[in-house]
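As written, the chains take the letters A, B, C, D and E, and residue 1 is the first residue of each chain.
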Amino acid sequence: MSREFLINGVLALLLLAVPFIASAVGQPFTITLATRIAILALAATGLNIALGLGGLVSFGHAAFFGVGGYVAGILSSHAFSGDPMIFGFEGSKQMLLIWLTAAIVAGLLGLLIGVISLRTSGVYFIMITLAFAQMVYYFAISWPAYGGEDGLSIVVRNQFPGVNTMRPLTFFGVAYGALIVGLGLFAMIRDSRFGAALQAVRQNEVRVASVGISPLPIRLTAFVLSAMMTALAGCLYADLNRFVSPSMLSWHMSGELIVLIILGGTGRLFGPVAGAMLYVVIESALGGITERWQFFLGLILLATVLFARGGVIGLLAGKARHG
Amino acid sequence: MMLLDVHDIRTFYGSAQALFGITFQIEDGEVVALMGRNGMGKSTTIKSICNLMPPKGGRISIAGTATDRLPPHKVARLGIGLVPEGRRCFPNLTVHENLVAAARPGQWTLARVNALFPRLVERRDQLARSLSGGEQQMLAVGRALMTNPRLLILDEATEGLAPVIRQDIWRAIRTLKAEGLSILVVDKTLSELLPVADRCVVLENGQVAWTGVPQDLTADLQDRYLGV
Amino acid sequence: MAEPVLDIKGLRKNFGALKATDDVSISLYPGEIHALIGPNGAGKSTLIHQICGTLRQDQGSIRLAGKEIGNLGVAERARKGLGRTFQISSLAVEFSALRNVMLAVQARQGSSFRFLRPVRSDRNLVDEAMDRLSRVGLAERAHIPAGELSHGEKRQLEIAIALALDVKAFLLDEPMAGMGPEGSKVLTGFLAKLRQEAPILLVEHDMDAVFALADRISVLVYGRIIATGTVEEIRRDPVVRTAYLGDHA
Amino acid sequence: EPIKVGLITTLSGGGAGLGVDTRDGFMLAIKQSGNKDITVVTEDDAQKPELAVQIADKMIQSDNVDILTGIVWSNLLMAVVPGAVAQGKLYISTNAAPAALAGEKCDPLYFNAAYQNDNLHEAMGEYANKVYKKMFIMAPNYPAGKDSLTGFKRYYKGELAKEVYTQVGQTDYAAEIAQIRASGADGVFVFLPGGMGISFMKQYAQSGVKIPVIGPGFSFSQDVLPAIGDAALGVKASGQWSKDLDNEANKKFVAGFQKEYNRLPSLYALQAYDAAQLILSASSKASIKDVKAFAAALNKADIQSPRGKFKFNNNRHPIQDIYVTEVVKENGTLTNKIVEKVFTDHGDAYAKDCKK
Amino acid sequence: MTFSLVLEQLLNGVQLGVMLFLMAAGLTLIFGVMGLINLAHGSLYMVGAFACAVVAAATGSFWLGLAASLAFAAAAGALMEVVVIRRLYGRDHLDQVLATFALILIFSEGTRWVFGSFPLYLDIPQLLQGAVPLPGGTAYPLYRLAIIVTGGLVAIGLTLLISRTRLGMRIRAGESDREMIAALGVDIRTLYTLVFALGSALAGLAGAMVGALQSVQVGMGEPILILAFVVIVIGGIGSIKGALIGALLVGVVDTMGRFLLPQIVGLFMSSAQAGPVGGAIASMLIYLLMAAILAIKPRGLFPAQA
């Protein structure tokens, strides 16, 4: 436990320190990388609530990630162009308002998908969540109002009260802050009574029901919370790229989020962080060296599954303990 | 001839040691009772013999063949038939398929197993998943017999059986013994176990605490090692 | 006689052509141990499953403390006071023994939708769970993951979990199975006292335990109750002897 | 004076063939020029918009590139260009040319060396007027597909038998072919880029339906022809260039490409080749330090394009001739051959909206 | 819209279904029977298509290519099983997802490394070219009929293998408890390698046969993979009959959706909009179908234990 705690601390500090060092030595792009890591880690932390704690392998979380992105893109594009949306609402460029909207929209979508999907389990669940995400994906591709497959540009990054988000370091700060809050929420949920019930449901549903806890509401709540957090990351991601497109909704994205978690260590607090760091660093380092980078990325991922059970955190901190 | 020779084996679950040097032998045609309180290492010993839980130290040989580094299926083919703790029938196969999947040629055939457990004939095409506990237990024994073993290992094989059926199983065990099959048996019903056993091996905390013939297992010893 | 705590009337369940329970009526009175015996496959576990709701009955009523519970879900029935053990251990295998029990304590204490306080430091949960573990003699093994317990220890844990609930009636499906001779002896003594807390419907093949414990015995054969009576009556019943007991009488 | 060019293109995944041709065409021009001042950094976008943005940011912020180029796909271009020009970098498109960037939202720093997306479809519409009376038209259901059919209809004045939108990435076209058979059309216009086109043509040839197929040039470009095989023979397509155009620049390009890479160049290679030529020409006239001046130099388009005439419109998209080609077999290799010219000095429909 | 067109579309739907089944068959075997989520199944499909294209181009014989596709895919599958998959049976689905996702990357880039980025040429054999006339004046491609027949044969063969033979029983037993089947003396490791190779060979066969109708290129396996998963989930995992029916359902619904939806939508809006909107709904249709089926029958149409 304490060893994992130490590793988590080191990872958190490392992620925080790198952009400052980078900007000091004149490597501004590294800040973007670190921001990307923080955002992907947040998205994966959201998924980790459902997947790591609840054993709900959602292969459709890109839907929530992308919906977050589109909420950010649509609200800010309306605010920018001045055309009102529905109900005369003008859109907004305020991140806090956007986040709130994204969380609500994704929460409702999560509720809808969850109610239907949670009737199934195992591989059926994997596939039905994928199906829903694919529906959203195809909808976004062929729906012309917001760019369809071409996507939607956000001309100026949305605003966060009191700071200038166009400065890379500041925007990193916002993303990092969101990540830390997200991790805090994850830890809190994991250790709480709700978390205990959720983790038990993953291990043995019948047992949980037999002590008087209904599994479905527990799972559904976890799924919705998970969707909301991932959507929040989606908002940030859209702002980072100043662009959203259906590729944020594609099954590759869902797969990538899962990969981040397993790579880092399923169900571990800092699993998504470690996974995102490793993945993004490998991707950008290899991509610069060789055109065959995906081949080597594949080899590295493979080696991780085969030889580092429990992901990076598992490798460093040993087996997970469930107290 | 010596059928099974277990010498000083030490077995670990991860870093936790469960067996601390277990030694005993089974002769051809002998019935040995493996005894001890809950959690003393009986099942672990059995898993070690089958190489499902390979020991880290010591050695095991079956009919003279050392089993270290043999994969479990090769060990089984040396003549071990296992009825594991908790039955472990294949839930997604029917009763019939469970038996056929295990079959290896020999004197034990489907017909003979069915004669031993007529109940299995009634449930022939039902998935093992939906069998009653006792039916699963019969299936597990039948399945082990279908492999035509030289050494039958029964880990709590009568657990959860109705008294009449339990008598059937004990009767079957006695028949098997009379036919010269070697048996290693773990069971809590001493009143049935002791009369069939040729020898007892009593475990305590992963070590052999006592061995001897059943007659020598006095009430005093039973109280000490088994809490009876 | 007092009102029955658990009152089952005309329960039926068919699996295709098989009548797993066929018009079963059984009642459980305060303070008693009612043993349910019968050949393998007679439908005992199926009956327990129906009472707990893990299987839905085709017909019949189940009343607990005077209220119909036959159409509630598993969790709701448990909340109303059914404490059960499984014939084949069913535990949260990654959790320690302690956390398995804590989950039951938490369920009894109220809503699981609490997000703030860490369970680890929640004395309300830990102390009570520890207490239940010591009652079944598993206190020393509290921090071992349930999946790593030996077979017998898992059985003990099943009971500890049932004890942690606010139980009006215990349904124990072969609690002795897998316990060694000593374990059986201890458990027998334990159940004898437990009936003060709530009556027990005991499914068991260990006749020594049944004869020592039961106030009444019902015999289930092919889904039907063929006899109900005291230990002596059942022991003497010729049909029961041939169908079930054999020499063990 | 050194110039650093960032080439972002697709080198892995299903669309890699196009990116490889883009890169090779671009590098060929640099090599032929012998200019040592221009350095090119190349990276793979794996056809993912986010990755393209990330690479663009990296090239701008860390590699300090002066000019970006190379993106094949409209959706990636839309993700990268607004950010790049906002940071004061030049972008020269080697292929993608979405309407959005040609009209109102055009930008002084954004150039297109290929065409405007609608051009080749418009040319086919014009051509169809002469040859067919009733057309069946079909494209994938995404913005480029809709633009394609819109472009076609902008010039085609005959009767439409049917307008069909297929799924993006669809591989089986039996249902569409049955509709073609039943439609009573005397011509079929399809825009199905990449693998979709290959699948369609093979299945169409098998179906026994004999109605002639026409399409925009990139559906029958050199990179896909070998895979379609003889099923493509006789297909008419439009293009602003073909390898048999008779001019010096084209001979130099085609021969150079074949010598360097041992295969025939495609449309994508040509477009990237011209993009590189534009940079080379501008670099001799202006300093990259002064982006405005450099852009003005680019706008002169003082190059010998293998396609012949080449100049920029007010929206910095090409004004050029567009031809109809036919797929033929030359020495056992399938290739396109020019049959006629449809448009002379053709611009695009959006230029009038570009005020910047 | 004539009756014969509707009929032809129905036939197209059935044929697409059988084609999907051919692709799903190997997946059902590995996924349904061995319980392994193999995302790299699409890569084996690609290997089959490439092997067929290369050998057919070199020798001029499609049939040799077909044989090569079986051999190469089986070999690739066996290799994959021995080196990677074997270590994953005991693990949960997540590790399998990650490992086989990694395999996709390796296979795709590896193939591109060897064959370059351009699609390969593969045409259907002389023997199966042309169309057979159908009643009602239309014609139907002979090759597609051949695919239907092959799919049918594979379905029958697999069903028999899995449900009737002792081999099949042992494979299924291994799915639920590998340790136990080994303890009964069955060499489950080798058996699984064989099954995996068989499943791979079927993927390769599908790749070669379907590849002749489509574009043979890197990444061709991915869209197919998702469809194949949809098919076996609708049908009920582990059920070959389910996979067949699921495939037919998906094929017919997808084809009819693409054909009819734009026309139905056209009743409500202008024809210029109806195309894209109808097309958009059509592309979501099979996923809607799947969600609807699973919402009603959470374990698919033919749950394995039935």
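Keep in mind that, in the parts below, a residue touches a chain if its C-beta (ideal position, glycine included) is under 8 Å from a C-beta of that chain, and two chains touch if they have at least 3 such contacts.
Small disclaimer: the values here were computed from a predicted structure and weren't measured.
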### Query
Chains shared as neighbours by subunit B and subunit E?
none
#### Entry: Which of A-D and A-E has more C-beta contact pairs
A-E
### Query
What whole-Å value do you get for the distance between subunit A and subunit B if each is reduced to the mean of its CA atoms?
50
### Summary
Taking each chain's centre as the mean of its CA atoms, subunit C sits from subunit D at a distance in Å of 74
### Task
Could you put a whole-Å number on the gap between the CA centroids of subunit C and subunit E?
48
### Task
Just give me the whole-number Å value for how far the CA centre of subunit A lies from that of subunit C.
44
### Task
Would you give the residues of subunit B that are in contact with at least 2 other chains, written as numbers and ranges?
none
### Message
Residues of subunit D that contact two or more other chains, please.
### Response
11-12, 141, 146, 167-168
### Task
Hunt down the residues of subunit A that sit against at least two other chains at once, touch-wise.
138, 141-142, 144, 292, 294
### Query
Pairwise, which chains touch?
A-C, A-D, A-E, B-C, B-E, D-E
#### Entry: Residues of subunit D defined as touching subunit A within the complex
11-12, 42-44, 46, 48-51, 53-55, 57-58, 61-62, 74-75, 78-79, 82-83, 86, 98, 100, 141-144, 146, 167-168
#### Entry: Sites on subunit E touched by subunit B in the complex
166, 169-170, 172-173, 175-177, 179-189, 238, 304-305
## Note on the structure
Residue positions on subunit C within touch of subunit B in the complex are 15, 37-45, 87-88, 148-153, 156, 174, 177-186, 205, 207, 243-248
### Message
Residue numbers of subunit E touching subunit A in their complex, please.
### Response
31, 37, 84, 87-88, 91, 93-95, 97-99, 101-106, 108-110, 113, 226, 229-230, 233, 237, 276-277, 279-280, 283-284, 287-288, 290-291, 294-295, 298-300
### Query
Given the complex with subunit C, which residues does subunit A contribute to the contact?
188-189, 191-197, 199-200, 203-204, 206-215, 217-218, 221, 322-323
